[in-house]
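There are structures below to look over.
In what follows, chain A forms one complex with chain B and a second complex with chain C.
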Partner chain A sequence: MALMNIFEGLASLFFVLLFAPLFAGLVNKQKAMMTGRVGAPVWQPYYDLFKLFRKETIRAKSASFISGLSPAINFAAVIIAASMLPVCNAHPLISFKGDIILFAYILGTARFFQILAAMDIGSSFEGMGASREASFAIFVEPIFFFTLGSIAFITGFTSISDIYRSIAMDRMSYTVFIVVCSISFFILAVTECSRMPVDDPNTHLELTMIHEVMILDNSGQDLFFYQYSGNIKLLIYIVLETAFYYPLGAGLTAVGVTIFALNILFVSFVLAGVETVTSRFKLKDMPHYLLFAAAIGILNLLIFTFNK
Partner chain B sequence: MENVLSILFCLSLLYLALTSRVKHCVNVLQAQGIILAVINTLPLFHHFTLGEIILPAALLGIKGVLIPFYIRKIITDLDIKDPIEPTIQQFTFIMLVITLMSAVFVASGILAKSTEINIIPFASGFSAIITGILVIIFRKKLLVHVMGFLAMENGIFLFGSAIAFKLPVIIELGMLLDIFVVVFLMGIALNKISTTLSGFEAAQLRRLKD
Partner chain C sequence: MNTLQVSNGQAYLLKDIPVVKKDIFFGDIIAGLNKGMKISALFPADRRDKSALICVLADPASSSFRLSKCVFERGKLSFESLANAFPQAAGLENELAEDSGYVPLNHPWPRPVRKQDIMPDGSTYNFYKLLGDEVHEVAVGPIHAGVIEPGHFRFQCHGEYIFNLEISLGYQKRGVEELMISSGPGRRIVLAESAAGDTVMGHALANAGVVEALSGANVPLRAQVIRAMAEELERIAMHLSGLGGVANDIGFAIAASSYGRLRTLMINSLGALSGSRFGRGLTAYGGVNFDFDRDVINIILANLETVSRDVAAINKCLFSSGGSMQRFEKTGIVPKHAARDLAFSGLTARACGIETDTRIDFPYGAYKYYPVSLMTMPEGDVFARTKLRTLEIEESLRFLFEQIETVPGGELKSKCGPMAGSSGVVSVVEGWRGEILHIALTDEKGELSQYKIKDPSFNNWYALSMAVRNAAISDFPLCNKSFDLSYAGHDL
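Our next item is the complex of A and B:
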């Protein structure tokens, strides 16, 4: 049984690592189609990553050892986070009581090193991007803890896989919790992965960028690690989002995997739709947008506390 | 089911606090009107009387259709600009709303120990009253003040459905008519103001003298 669990965990980790670029490509393709363009093929992120991997890495003269260390730490942290995911309700590789805290802070570590590396190079652009990323991180963490924390309260578990396993949409009020949480989780995913209403991944105009500006001076394999971990991070959040709507008991059967794939496809469609119809918010409007998501989490917690 | 709709109502309040467009405020009010109508229809599923269907129907008609239509008409007729022009930062405003909402939920939890109330609808209604007051205090545009007032009235209606005893239908209908007349009068007043002054901000009204 233990061997089977390890096998399931490895398979889910492998799934995330393999399909993360495909998901990003899928969203970009759908976005292109919605705006009436043909768009790059779905496999484009793989080509890009391959190209970056073969290229020579050039570092700024002013950069210290942190710039060399940061991409690897980023990648490792994201892989650890990915190995806690309940893909298809399978048993994750890493799972213990209270692992939601580790999950939040391992991604926090990745962000911290990325910010540090951005400032390490000494360019004012990157410093600006780092400051923006840090200020958004302040608002993002409450969203995560209020949302997933409120579900942890409701279900009584503190491990990600246990929480998602015990989500049962049998009662009407329970369903509302889930729907409301998934809204704030979507906002969290969009913010964390620097997608459209918060940051535009396509622009390279210094003044509109948050995430993109931090990796402006990276090239070759460093950039490969950043891009790849960005893709993985997006898929991690999307898997967590779809896991809200994963029916219990479906498990790792053919039906379960089909439902999972359909869920992922649907979320990619929604993400592409949101990115098509919304424009990027003004930087000064961002805190209320994020606070709104945190408020949803707080509301959830309040309702749960007083609805017993 | 009533709890579910009340949670939706709370979400709409949060959106009302967040949004910076007048048109979105109207949409929120319309949604709140529809939610209230549905909440008032729920008891009819257990015990149907023809007389009691008047209230939800009137709610839907007045709060869901008539008032939003009228406010939209005022917006187009008087060419009111879309930003709501807050007097404090939106961020502070939302923080204030969240804090007060939490306080209201805690207070309702304490209150529920001694009296017979439905906590979630009660607290949602109470939050709507407070959010309405805050909208009136911290926004410059007169039309947004009317919307704050309407959010408050919505809160009072939800409040009414949360307490155990029921008001006679005729009183609730009277309240609805009252609200409609207030909004109607406000529209006329705004029209009159527009002939004298160019803007619709409360700050400008200080200059008025008899």
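Our next item is the complex of A and C:
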């Protein structure tokens, strides 16, 4: 069985690595179609990544070793995070008691190095982006711990795959609790992956960007690693989002996998829809939005615990 | 006042401009400005011999321009700056210093206008800079992350908060005024059309107004109406493009792409009329080159109907969305007094509640017979500018629907002979951005001896600086797009 588990874990990891750009392409394609355009092919992110990989990497003269290190650390961090995912309820490659903390802070490490790298070059743009990223990170962390953390608190499981396995939608009160968690988590996913309405992934306006502005000075393979990590991170959060609804039938059977795939497609549709009809928030209003998500999580936990 | 009073597009003889002493010259300007006139232009009467200055004051109350002239002693090209009492003169005085070697004494803010860091006296220009532990400077451009025109923006910030924005332009200087003088009559209209690529009709009409007045040509009414319609088509197209830009800057994808789609219909209408989607080649001296036949009318009418129906729907979608209103309202407020002091024109001024519209203040062409309504918004913020653009689209659509079936018959073009000698003319046109001013002077042989162009952007760039003061730096792109100013029009 152990061998089977390792196989499942490897397959999950490859799934995430392979399909991460496709998911980004799908969202973009649907967004284009919703606004009445043809849009780039869904494979476009693969072409872009391939192009970047072959390009020469140019670094700023003022850059130190941090700038060279950060893309690799980012990439490694998202791969580790991806190995902890319960893709379609399969056994993840890495799973131990308390890995929820590892998951949160391995991505935190990636962010830390990216912020360092952004400030490393000394451009005022990137410094601004770094400052924004760091400030919003403060508001993002509570959301994670008041969604996944709440479930861990209630069930007593502290490994991501166990937490998700423990979710059962048999009781009404628990189902409502899980649905509210998933809503809060969606806001977290949107923020973490720099999508609308928090950050606009398609903007060219360097003064309004949060995430994109940090990598303005990167090129070639450095940019490849950042972009690819970004794609993987998006799929990681989407898988975690859909995982709340695994009890509806996702599993390692033909039907289960189909349901899982439909789940992912549905989320990509929702994401594209949200990006089409919302406008970005004012930067100074962003903390309200994030605190709102955290507050939902806290209230949700309180109501559920006292209602038992 | 010792001034010559002329109307928009009226030729006058140069000798009719009263030549006065320096103190009377500036005294008259001050008196005029105190009465609420605007200083339209301040330039040397001759490109080669720069010792004589001509000042043009615009007086909307009487729909006329006041001209006066002053001859300076050679080598003593200095005067007491007007900009301390009338900030609107600051830009023109700096331009005079940079291009013609005049020295405005006690100027509050001497800076290069179209050169980058070099002051007229050869010294290096230093940007305004805040000092302190927690303030930081952000320099943007001239090369931007998107495909837009070049311009340099220098922010003094405290965190996300802007204390001051200084704008440095001139990267697009092509010497349009010089080229206008040196090139032959056949190329002038082409030059005017490319002075600012997004205001082809505006600049072409202002230039045609100048040349036709100097030649004494009579533009047939049919041509005047076709010109006005082309101008309104351009206005709608550019307003739609600007609204799309504003929607795009707040990430409101559905509105952005819908406005973009409708803009294509409007520029296609111009294309159906003139063969160029930007209206290039439509204007000819003495009239227009292309006729409004039944096929063209049908194409344009169909496009207008689609646009007027769809624009209403998208406007509703944009202005009823809480997210976009939150971004628009109270963002980038230009105070009304600043708009008046700095003599902003067009959309920018009207969005601050200032009643100014060249089509009404200095009527020309078809607008003399078929007037348009003046619309203002009091707020002065991004919302006011965005909303005003939608209102102006409605008004332009009304104008077009009214005129399109009843274009007067007659000739398309009348003969436009050589220009009169020793004369001058002031021609203003309301482009979609605001007042476009062209001034020409001729020598004894009827050749151009001086040509001045003033795009509305020349004054209105200061509006952007005013709007982002005390704003958040992440709102800058939205503010910038809400003004939609021209780099090429400023730099010429």
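Heads up, the rule we're going with is that the second predicted complex is superposed on the first by the 305 of 308 C-alpha atoms of A that agree within 3 Å, B and C clash if a C-alpha of one lies under 4 Å from a C-alpha of the other, contacts with A are read in each partner's own complex, and residues count from 1 in each chain.
Note that contacts are C-beta pairs under 8 Å (C-beta built on N, C-alpha and C of every residue); 3 or more make two chains touch, one makes a residue touch a chain.
This is a predicted model, so every value here is computed, not measured.
Trainee: Touching A:M128 in the superposition: chain B (first), chain C (second), both, neither?
Mentor: In the superposition, A:M128 contacts chain C only.
Trainee: Scan A:T203 for contacts with chain B and chain C and give back first, second, both or neither.
Mentor: second
Trainee: Touch test for A:D285: chain B only (first), chain C only (second), both, or neither?
Mentor: both
Trainee: Looking at A:L302 after the superposition, I want to know if it touches chain B, chain C, both of them or none. Which is it: first, second, both, neither?
Mentor: After superposition on chain A, A:L302 lies in contact with chain B alone.
Trainee: Using the touch criterion from the header, give the chain among chain B and chain C with more contacted residues in chain A.
Mentor: C
Trainee: Tell me which partner A:V176 touches in the superposition: chain B (first), chain C (second), both or neither.
Mentor: Touch status of A:V176: first partner only.
Trainee: What residues on chain A does chain C touch that chain B touches too?
Mentor: Of chain A, residues 285 contact chain B in one complex and chain C in the other.
Trainee: Can you list the chain C residues touching chain A in their complex?
Mentor: Counting only chain C, the residues touching chain A are 136-140, 144-146, 159-160, 247, 249-254, 256-258, 261, 321, 323-324, 326-327, 331, 472-478.
Trainee: Within their complex, state which residues of chain A touch chain C.
Mentor: Residue list for chain A touching chain C: 31, 34-37, 124-125, 127-128, 131-132, 196-197, 200, 202-208, 216, 275-285.
Trainee: If you look only at chain A, which of its residues touch chain B in the complex?
Mentor: 172-173, 175-176, 180, 285, 287-289, 291-292, 295-296, 298-299, 302-303, 305-307
Trainee: In the complex formed with chain A, which residues of chain B make contact?
Mentor: 1, 3-4, 7-8, 10-11, 14-15, 18, 20, 90-91, 94-95, 97-98, 101-102, 105, 108-109, 112, 119-120, 123
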